Structures are given as structure tokens and as C-alpha cells.
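Going by the order they are written in, the chains are A, B and C; count residues from 1 in each one.
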């Protein structure tokens, strides 16, 4: 099928060479840090670092170009929604009011609102390069082993591995089922009335789900036949040893976290205020 | 000293959900280092038997058992599934279900990972196992890049790596094309000889399996062991026909020629077969049964002109395909995995649009028609019936397409009943579909398309995974539909099906149409066979052995004669 | 089945396959509802069914893994507050509805009511409370905006599960009923 998705490609860059565990920790800690801080200086700094890392990875732009469209639309809608619902949120947060232009009714654009919404955008943007890097440079095979290594149970780690393994199969099943349903006049697009759409969705979902339940039985039988779950742990074929590079990366991460938190909370607030 | 590694003693088994036992008083032994083939029709209990050896029964499927089963000298019930996995390595029928790893290497290592083998040791053991099945170059490949045969080699390597003494194969040929099937049979044989492991194979495709010697054949019928014989004796016994199994086709040909099959002729393998006195009888039969002349071309119903298509840019899935399906024809489309067979049918149904070329139906360009509009004339039946069935009741399922079209209920009723009658399902009309067998479900999906009254029907592998009786029923049914005027296109790599039923076979390779001819000519062209992953039929080999100059002529004479016999 | 401690092999596989299904249906299985920016997300009907079939733990993890997977591979960025909300839906639904013996074909009117009570509670908690509160905590978004969004999404999901989820569960239970003596009709 030709649906675009983000997939791993095997390149040789410093980022690709990092251990999956390192990248997983990096991504999670980075995201949490970006969630907590609302300090513009931190966010800008992290964004620049993130883009730098993306450049080092040498991942081709066309590999992720398609998601940028989705992200842009989502951004825009969200920014508009925030403004429509709460045009004075910025003023409330920063405690001052500098009007820029009066639009209509209760809608006045203030510098505070603009700055607040700029920070929201920044918060989302900071995570994107790291999310992309994680997805595009981590070998999915190594991923389960990494999860297990950072403390997730091996069973849970294997669930994730199974999800990645069977995603393409299920996608193909879904397309085949919906094609053959369409050929019998069963459609869930806008062409049909809503009530019909719902009914038709059920007609498409039932075969998908019943074959999936069947598939679960077959896979679990096959796994038991090969001794899955006999011991409390397991080893992994696809693990790589930690190298100096990994320790360096994690050291850089710690530095970023410490810097970010001390900067953010130095004045006792999550928000960086340029108005006072 | 022969040591039994598997011993069934007066063993019976009933599944929890069923009222009748599936296995009755089974007694037999398999000795260390033996190679045993277990044959039987669908529903005979042969798979249940296999599950009692690898522990799926009773540890995964619950039920009631009496008597005893010993595996590796220990009572089945005293073992756990994990311990059994050290004794018995199973290669399951469905390669996608067993292939759980994200790459070939990981999948082979799966058992070792579970056994906590350290990584360094794991890597070398995986390499050895991969080399044994010839997939060393594929260790980094993901399952979606592999053919069915390569997936099976991976699962076999994944079993070999664990070093179990017993190898159990559950219908290893079910999902393979003929050439990959032949390679599998040879591979199993080589591994048996090199490792001296005990090998047990469950399969109903006898001729293909006998391409390499087996020590014994167990015939399972109605949950009982009906025979336990060496291959030559079994083939001469008449038991196959009684059990509903297909005998090797070259033996059928010899019988038509009036030959008596005896064990000393080596009937188990065409390569070792001694024709002796039969040669003369066969030649006489060949001379006396000329094939009828080919019928003329039917007026075109569907025409593809220079059609090209690609899923991803710069990698064409089909290039410049032109073909004609005539009114009332039955045509087969063959080719390897990924050769373009399924893609062509998806283009015809409108699931995808061609990047170049024209599609004509009754001379009218249908490129602009939607899936729904095309479905008025073209029906598509998928390989897996479970992908099509979404209603609980048979009647509702067949009525689904008509209800979507908004027809009045009275007319729907009439048309559904008519379709059910044609498909031999009328007496089941108020049954839930879950009570039907696989073959019946397949018919339900055909009925659900038939009811829409298409002019052309495309079926993807309609006989895959079915035993001889069900294969026969299905094909006779399609043949009857065809005789009533339905044009039928079948995507298949079943060579018997092509020979016995199709008027034409179109062969695809790498997105190109490489042949379009009568099945007997396609099947005797060695280059085509290679390109389509088919193999030389045993009839062809018989013709060679008997010294006939034109094997394709022998094949068509056989087919014509065979049709006359079967229609009697 | 599996005698090992903790999760059975079947539950592990169900979590994996369920997550893949969640991601695929999340990407392809949205039905336009006619109301702008609100889709019928069929994937929540799937989540509800799997929580019912395989229990609260599977429900929680399918919600978490499936939603992360969908956001990550198709849209490039997981939206964590909603990922967690999806997990809550699966968890709560599994806890309340897990006792329905659907594997034995039992899904009568009592089962349907219990299933729907469970799904309303689960969806309300997830979309009216958890998702908006997390949005405020993590992203400091305006309260009225996130609560309105949560309300719309929650109602859409409740309706989706009530209609599609119930039908799916009923269809599944029918395939599990033992067939009595069926006779052919002339």
C-alpha cells in the first residue's frame, strides 16, 4: 500500500549509531522537559538543539515532509481555537495588558496573547525534531529490547514488538476488506448518509476484528510452541552494547534538563515573563 | 535398536466445545530417526493428532482425553508446553502467524531468546541454522520482503536452532507455489538425512510429498488410523480413493491406459517408476485418444490495452499489459508472488487506477467508473472468506450487497434464494455462518457476489488450503457456473486446476505478461514454468519417460480423456 | 493456558495486535460525522471491544501503545494528554465490563447495559476530566477551550461505542455461541 508513514531507514550517522535505549530515554526525557517548562529561552534553546540533531542525523527531508503538513494544519487550528475560546488568556497569565488591535466584540489581540500563543507553538515544535529522530533512526527491532532494558517487563516490550510486526499486515487486511466491501456497495465515506455510514462501518470492522481475534490465537499458539514466557526474563538477539557515544549523549541530556529547570524555576514560575 | 520417540496407546480426544470425539482409539509409534507422513482429508483429525504431539493439546486447546501419549519417553500430561518445545519443533501451516520476529534473524533467534541464551552464542547458532535452510543472506530482511517459501525456510530455521529431536510439519505445502513446494520437500529430506532427526509431516498433497522418500505413511480417516503402510503398498491399495485423497496423476494416467499398478514398479515416485510392460499400453492409449480441436475465440468481454500501474513511483507493478477475457471463458492467471496477478485484478475492479492504458468492458471504456459501478458487472471473491463475511446469518450475508443497493425486500429474497440454490447452500439458508465449514464459507462469499449478477467473476485462489474432495466440489461448482454462461477468471498457482478446468492460462512475471496460451502448452514450456515458479508436471515426466515427442499433446489428451471419465 | 506468572501469552499478543488495529483504524477508520472537526472514531469501538475481550490491563495498554503508535508514525508527534486518556478508556471499561462472559457467547440485554454503562463512565472520565486537565497541566491551554474539546470528543466517542461497539460485541458473541442441533431445510 502506498500510505505514507514514518519508517526507519538504515543510515550511518552519529545519531543512528546511538543505542536504542539512549534514544528512547532521550526522547522521553526531552518531551517531559518540554512539557514542564514554559520558559521561552529554554524552549528556543531546545528547538535549536533539536534541529541541529536532525541535521546531524542526515535523515532526508522527503522522509518526513508529509507529516509537516499534518502538523501545520493541526497547529493552526489549535492556535485559532485557543484564541477564539480565550483571547485574554495571555493577559491573565502575565498580569499585564498591552493592546495591539481590537478585532470585534470581546476579541482584542494583545501582545500578551501573542506571546502566550507563540510559546504554545514553541512547546509543540520543540518535541517534533526529537520525535522524528526517534522514529526515523531507531531500528524497530532494537526497540523492544530497549524498552525491556529501561525497565519495562519483557512481555510488555514484546507486545510493542508484535504491534510493529503486524501493523503492515493489518493495514493490508483493512484495505482488502474495505475494497471488497465497497465492491458490494458498502461505503463509509461522505457519499452515504450518516446512519448508513455507521452501519457500513460495522460491516467492515466485523471481518477485520474476527480475523484479528483468530490471528491472536494463532500467534499465541505459535509463540508458546517456541517457549515464550517459560522464564521470567529473556535475552534479545538485537541489542547493542553501550558505547562512549551513548554516555556522552545522556550527559548532554542531563545538562539540558538541569539548565532548563534551573532557568525555568529561577523566578518561581513556569512562565517566562517579558512584560514585567 | 529402534527406540520409540512417540507412542500413542489407545488414545482418544474430544474438544471441549464438541460433543463427539475427534480422535478414536489411536495406537501407533514413531521411532527415532524415522520420516513419517500422515495423510488424511480435512476434518479427519490429522491436525488434532499433530497437536497432541507438540502439546497444543491439551495445553492450548482444552478437551477430554483417554489412553496415553508418550513423547520422548515421557507422558504428555507430565510435560509442560515449554518442555515439549525442547523435544518437538513445529513448523506451522500459516507462516505469517509463526513468523513473529521483525526480521529473519530475530525470528530464528526467538526460541533462544526465550531460553535465555546469551547474545554471542545466539548469533553464531542463528547463522548455522540460517545456513542449513539457505537463507544466510536474508537475516536482516523483514517478513514483508519475503516470499512464502522464504518465510517457511525462516520458520524451519527457527525450529532447527532449538535442537529438538523431533521435527513436526503441519501442512508445509499449503501456502506454497509448486516450485517452492518442491524445494521444501527436498529441504525437509536433506535435513532429515543430515541431522538424523525424527520427522513427522502432516499433509494431504501426497504426490508432491512423495517427491522424496518417506519411511511410512499413516492414513487418518474419521479420527482413526486407517492404514500404516510404506508408500508403494499404499498406492496400490485403493485406500486413497476410499479416503478421498488424490493419487499421483501419473498413476491415474497409467490406470486410464489399462495398466495394473504394482509395488515393484516403484509407483511412489515418477523418477523411479518402472514402466516395463506398461510402456506399450500407454503408447497404445495415447494413439487411440486424440485431443479435440481447440474451440475458436469467444467475443471479448473484458479487454486491457497497454495497462501500466505502480504503487510507488519508479517501480512499476505492471507495465504494458494487454489481454482479452472472452465471453463465457474460464481463464487462469498464474505467476510468482508479486508478479502482478493480484494487482491486475484490483485494477479491473477499480480499487486502483491504471497510470496508463485502457480498460474496456463490452467495448466500453470503464476507466471513469467507480468501484461500485464496476461491481455491477465484475465480481471479486477474495482468497480468505473471513475477510468478506460480516453477518452472522447466511441469508443476511448474501443479501448484504442487494440491501446496500436498496432493492425491495421481496426481490432480494428471490435473488438470494436463487443464488443459494446455485451454490448448494439453500438448505442451510437460516443457519449461522459460524456453523459452516471453510469450504462452505467460501461458497457463501461466492453466493454473495453471484447474487449481484456480475458478468465476470474474479476469484483469488478459490481452492487454496482445501483437500481433494473440497477442491473437486469447488471446481465442479465453478465449472457448472461457467457452463451456465458466467465468465470466470481464477488467480492460482494450482497446476491441476489450470490443466483440468481452464481454457487459457495467462502468466505474469515481474509485472509483465509473458504468456497467454492453453494450459497444456504453458505447463510444458520449461522457461515459463521457471518464470512463474511452477514445475514440470508428473504427466510431462511420464510422457518423457514413455518417449512421447510432444508432452503438451500427451497432457491435453489426458485432460480430454479425464474430463470424459469424470463427466460420465 | 499459559501457566507463567503475570500476563498470559494470549494477552500479550492481544495487546500487540490490538495496538496495531487501533493505529490502523485511527488513521483510516474515521467517519465524517457531519459536524465540522468531529469525526466518528471507529477505533474507540475497537478499543472498547478489546478491553471487554482481554481485560483492563490489555485495554489500558492498547490505548497507550496504539494511540502513541498512531500519532507517531502517521502524524509525527504523540499528543500525550490524549494518549493517556485513551489508556484510561481501555482501563476503566475493562474493569467494569470485564466480567461479562462474552467468550461463552453471553451478551444479552444485561451484558449490553453493563457494557454501555462501563463505556459511558470510561469515556466521560477520560474525555471530560483526564484529557482536559492534562491539557491544562502540560500545555497550559485555556480551560474553556480544552473542556469544550473534551466534551465534543467524549460525546462523539460515547455515541460511537454505543452504536458500533455494541454491534461489534454482539457480532463477536454470536460467533462464540454453541450451535444446537441445526437441521437442513428443504
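Simple rule for what comes next: a residue touches a chain if its C-beta (ideal position, glycine included) is under 8 Å from a C-beta of that chain, and two chains touch if they have at least 3 such contacts.
These figures come from a predicted structure and were not determined experimentally.
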item	value
Chain contact topology (line, ring, star, complete or other)	complete
A-C compared against B-C, more contacting pairs	A-C
Mean-CA-position distance for chain B and chain A (Å)	43
Intercentroid distance (Cα basis), chain C paired with chain A, Å	20
Inter-chain centre distance, chain B versus chain C - centres from mean C-alpha coordinates, in Å	37
Residues of chain B touching at least two other chains	59-60, 80, 390
Interface hub residues of chain C, defined as touching at least two other chains	171, 175
Set of chain A residues in contact with two or more other chains	161-162, 164-165, 202, 206, 210, 215, 219-220, 223-224, 228-230
List of chain B residues in touch with chain A within their complex	54-56, 59-60, 80-82, 85-86, 90, 92, 94, 96-98, 100-103, 105-106, 109-119, 122-123, 126, 143-144, 158-159, 162, 311-312, 346, 349, 351, 371-372, 374-375, 379-380, 382, 384, 386-391, 400-401, 404-405, 448-449, 452
Chain C partner contacts - residues on chain A that touch it in the complex	3, 5-7, 31, 35, 38, 64, 67-68, 70-71, 74, 77, 81-82, 84-86, 89, 93, 120, 123-124, 127-128, 131-132, 135, 153, 155-156, 158-167, 170-171, 174-175, 178, 188-190, 194, 197-198, 201-202, 205-206, 208-210, 212-213, 215-217, 219-220, 223-224, 228-230, 232, 270-271
Footprint of chain A on chain C - complex, ascending	2, 4-10, 12-21, 23-25, 27-29, 31-34, 37, 40, 42, 45-46, 49, 53, 61, 65-66, 69, 72-78, 80, 138-145, 148-149, 163-164, 167-168, 171-172, 175
Footprint of chain B on chain A - complex, ascending	1-2, 140-141, 161-162, 164-165, 168-169, 173, 176-177, 179-187, 200, 202-204, 206-207, 210-211, 214-215, 218-231, 233-239
Residues of chain C defined as touching chain B within the complex	1, 3, 171, 174-175, 177-179, 182, 184-186
